[in-house]
Amino acid sequence: MKVACLTGGGDCPGLNAVIRGLVRTIANSGGETIGLLEGWRGAIEGNFIPLDPMKTDEILPQGGTILGSSRTNPYKDENLVKQVVDTFHKLELDALVAIGGDDTLGVASKLYSDYKLPTIGCPKTIDNDLSATDFTFGFDTCLNTVMDAVDKLRTTAESHRRVIVVEVMGRHAGWITCFSGIACSADAILVPEEEADLDAVCERLKRRRADGKMYGIVMVSEGAELKGQNLITKDAEIDDFGHVKLGGIGARVAKIIQKNTGIETRDVTLGHLQRGGSPSAYDRVLGTRLGIHAARLAIKKDFGKMVALRGLHIVSVPLAEAVGTMRTLYPEFMDEAGEFLK
Amino acid sequence: MKVACLTGGGDCPGLNAVIRGLVRTIANSGGETIGLLEGWRGAIEGNFIPLDPMKTDEILPQGGTILGSSRTNPYKDENLVKQVVDTFHKLELDALVAIGGDDTLGVASKLYSDYKLPTIGCPKTIDNDLSATDFTFGFDTCLNTVMDAVDKLRTTAESHRRVIVVEVMGRHAGWITCFSGIACSADAILVPEEEADLDAVCERLKRRRADGKMYGIVMVSEGAELKGQNLITKDAEIDDFGHVKLGGIGARVAKIIQKNTGIETRDVTLGHLQRGGSPSAYDRVLGTRLGIHAARLAIKKDFGKMVALRGLHIVSVPLAEAVGTMRTLYPEFMDEAGEFLK
Amino acid sequence: MKVACLTGGGDCPGLNAVIRGLVRTIANSGGETIGLLEGWRGAIEGNFIPLDPMKTDEILPQGGTILGSSRTNPYKDENLVKQVVDTFHKLELDALVAIGGDDTLGVASKLYSDYKLPTIGCPKTIDNDLSATDFTFGFDTCLNTVMDAVDKLRTTAESHRRVIVVEVMGRHAGWITCFSGIACSADAILVPEEEADLDAVCERLKRRRADGKMYGIVMVSEGAELKGQNLITKDAEIDDFGHVKLGGIGARVAKIIQKNTGIETRDVTLGHLQRGGSPSAYDRVLGTRLGIHAARLAIKKDFGKMVALRGLHIVSVPLAEAVGTMRTLYPEFMDEAGEFLK
Amino acid sequence: MKVACLTGGGDCPGLNAVIRGLVRTIANSGGETIGLLEGWRGAIEGNFIPLDPMKTDEILPQGGTILGSSRTNPYKDENLVKQVVDTFHKLELDALVAIGGDDTLGVASKLYSDYKLPTIGCPKTIDNDLSATDFTFGFDTCLNTVMDAVDKLRTTAESHRRVIVVEVMGRHAGWITCFSGIACSADAILVPEEEADLDAVCERLKRRRADGKMYGIVMVSEGAELKGQNLITKDAEIDDFGHVKLGGIGARVAKIIQKNTGIETRDVTLGHLQRGGSPSAYDRVLGTRLGIHAARLAIKKDFGKMVALRGLHIVSVPLAEAVGTMRTLYPEFMDEAGEFLK
């Protein structure tokens, strides 16, 4: 059989693990795999590279995706969808494995329902905000990157008796912020799911200083909102390049804390760093397993499905059920984190 | 309320996270926590230190355990058990949280059933071989340590066109070997659960070299057995210090591979390195959560239980059910790893 | 003898190594050491902690300084200088070791020449811009932090076919930018010592893309200037907290590159991350050696000197000669880096 | 001009940096570079690959050498020397850059003096035991690898109140052991240059334990000798594969310490790990600079020279002077380390 795969949306560590697992498993069953370049753009334009087990053997430790990625969505123009279908037939494909987030998988789901294209989905979001899977690969590597950064920031914060505000990814969901906040013993964790009460945060920072802790760490999601003022909406300008400009919330939180507490406060925005790097062991294993199981679905001709992690096991779920709903942070995690935020 | 905790058995990253989570949660409810020193030995001798949230705030990133550990088991002598019970009453404890592996938790379980001592267990084994919990903390950090080591070994193996055999922990279960083998794209994975066929391994290494891969990585559990000869039993000498001497299987596997393939082969035993280091984000979060939930069980007076991870959630299970059975590697993982071992 | 030490100015990895080396060597000779808190502020206020070999034994791997730091300069007010002299006599000190940059060491030099205070200097600047020493500790750790960050950014840059502009420390000297630029195989290196020609940079980025390199890395010092427009001066506003506001040059360079090349460009400012973390082996050894030799100067009563690295050896130079001139990047390094910037 | 390069002897991080610096600089001057495979073996057999700036652009972060290495020495057989000279002429080479240790460079030196072959040397030894250069690349990465390992071992040593003996590389020179011993705050440092007094080490470990330090770290070179018994000579067996078998000294030291002190003692041999991994910033910069300057010597037709680091500068020295004498550890370093070994 001939299988194509593509990677769409923001990149994250573990994508190459999925590709490698898929290619090897298809090859083991006697099939071949090609890689469409730059997400759905490659499917539209028929732009691809052949992939084989030897070629992909060494990509496991590499961050990012050897196929390139883009946010191209063919469903923005019905002609583009037709081109994807054409490419599928022209390349004589038996299956198409789409590795991506809600947007990328939504296309795979519609191609399956609208055109009966034999698609399979593999969930990818560094934000861990896809329902139907316990964890997405890339999330664990990201947490370790944030943790390493904050472990570094802690010593300089302490030396200068400062508060440091760390702005991390998460426009709509606080998974990264909450988990890294727990892992970094943050003094405050501000997530999009809860309106932040900065007055309470300032009181806590002052109280802890009085108790002898001469520095503070505040973790804030890029999409967090401050009580009484939605800072995102207020600053949701379009930047010079046409992107909605978020960010900057870390700097604003730092200014407010410094003004309200009198404690010298700095901010750091980790930015693209959080998407980069060689995947952690967890993400290499998870990515590899998802790639293997996506291949096995293709071999079994079990289409319109997405592979997912449930506990220790890889399962499959209907694509149509898996897409369309963002998973915000479960309240139990903020409840647990809350033990340290009193 | 007054709660004591102790850490028993081999140390691993994340123990301090559990202690910190426990101490803070107990303090938040108005209680106090003390730490018994060096596992059950501290419970026997009444040797302890007070623990408070400020004192334990900074221990999260530290590997090991601030309480020290030992393999002392009071049930080897009924008098020692009595001393533990005495210590419990003398210190006027309301609960005792034992953090440890099967041996340590077995004592906690018996103290609960035999003496109605209000014990709570928290699972700890770097080998991930405890049933009743999806993952144990320390395991993830260990995998990353092994992976980083093999990522380093790969370049020197390739430069010298060598095979490198890496001996990792796992006397009875192959979790570390199999997971790190997947994460390191090993050419062979030898675990205690399966009799290794070294002839097949040698054939594979020669075939891959013929295909152009000029180096090889073989992961082997310290407790793996070779087909036709149980190398552990054969060499199960008692060393000078009274410990059963395992180890050395990596060196023996390397010799056999070099002799059978003619390829220069070296071996590395990672040893104690695998227990050390600052916990990964995963283990910091898991340890913290387990500590919080152990405290919550104590506060609710829900004794004779062990906290455990199931999917994304922390649950509790009866101690009596949790101990006594080692969890060997699930076959599905070797099946998945097998896609790369053909 | 009784020796005091203090750490002044911005913190960096290796300060604790110096303190530990000093304390141990003084103790070996039968003396004692105290640590003045928060730089010259502690000397003014007589605020200190005792230091002994056991207490400082474990601080070697810690970033920052256990003594705290500040930018307090007593020479801004003659009364404060008097207080420093008073403190010196009141504490019955035999020597004062100041660990800091040009500002901190300048105070030590003047106290020696104006008041015959037996001071000794130890050079510290993460920017490596002190003459009289080959390298300063902290610089090497900083380079590794920047390099690790860029190694992470490279994979995400490549996946999205982007240019990433990385703004690093260096207001007046390009040591960090040039060395990390070489270590990260940057496509452009913009330092304060040279007026940057962004047109040439854009041409190079386009040419390399045409040759098949689908991403780009641009390293820029926070104090770099762009040809035809001094961006620092232009934006040298005073921020809300009274500090001169630099920064932002990375974002501006990114905008210009994106506009001129049409290539999607992002920027990351590493900020305080660069000062943090456990010191590298190089910095632990260098810091330890400087601390030992500062102690030996004190024991020999060889005052008014600064310890320094020359080749493999630690030497001493007169403080008066060592301070007052900033060392900008030697042209040979930009010449060497230039081989990759054609 | 047409330049060949080769890498000989044990691999180390930074070799690819040299190759990349050389290839780019030669290309910038209009020349071309080829890479002879597997050290002098490639020169004998005429086995090579072409190298160009695009091909080598991404190799900077990779450990090892893309050219492979071997210990083949053509001077063991005069016919082989002739073949090297033949290869040189057949490939119409204008220069030959040999990157290696004393053995590899000795060949380059003799080819220059005996056959007037235009050779240039670049020093490489992870042991830092080449005179004529301050530091060799790979050494710094190795120190960081050892330091990271010992930082991990320290927490497990402390949890179990153990001494851990760490055996590191260094058959004849103690550079790695002494520098990493300083960086790891070891309690004992045993190097080949000094006969170790294990009785004194045991006394120190017991005294420190009595003072409250509940663990110990002992660093030992693989080539260290114990007082009164030369353990290397005693065990210098030939192993099954024809290599002189050193090693094992760590295990023996551990046994002696445990027996003499009664403290539980374990040993770890870091082995091949120490040669591996992505080069540190220091080694990337040093390797790149050496490669650039080797190319510049070739362009200037300044042959029979070796590039070397002196202070901050890259210089050149006659090959004939640079080879033949091993540089053992300077006494000043053990003197400095000694402050912590009292």
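Letters A, B, C and D mark the chains as written, and numbering starts fresh at 1 in each.
Note that in this section a residue touches a chain if its C-beta (ideal position, glycine included) is under 8 Å from a C-beta of that chain, and two chains touch if they have at least 3 such contacts.
No experiment lies behind these values; they were computed from the predicted model shown.
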item	value
Remotest chain, chain C as reference, centres from CA atoms	B
Centre-of-Cα separation between chain C and chain B, whole angstrom	41
Whole-Å gap between the CA centroids of chain A and chain C	35
Whole-Å separation of chain centres (CA-atom averages), chain C against chain D	29
Set of chain A residues in contact with two or more other chains	151
Contact graph of the chains (line, ring, star, complete, other)	ring
Complete list of chain pairs which touch one another	A-B, A-C, B-D, C-D
Chain D - residues contacting chain C, complex	20-21, 24-25, 28, 54, 57-58, 60-61, 134, 140, 143-144, 146-147, 151, 179-180, 182-183, 185, 211-213, 278, 280-282, 284-285, 288-289, 292, 310-313, 330, 332, 336, 339-340, 342
Interface residues, chain A side, partner chain C - complex	7, 10-11, 13, 15, 38, 62-65, 68-70, 145, 149, 151-161, 164, 214, 240-241, 255, 258-259, 264, 266, 268-269, 271-273, 275-277
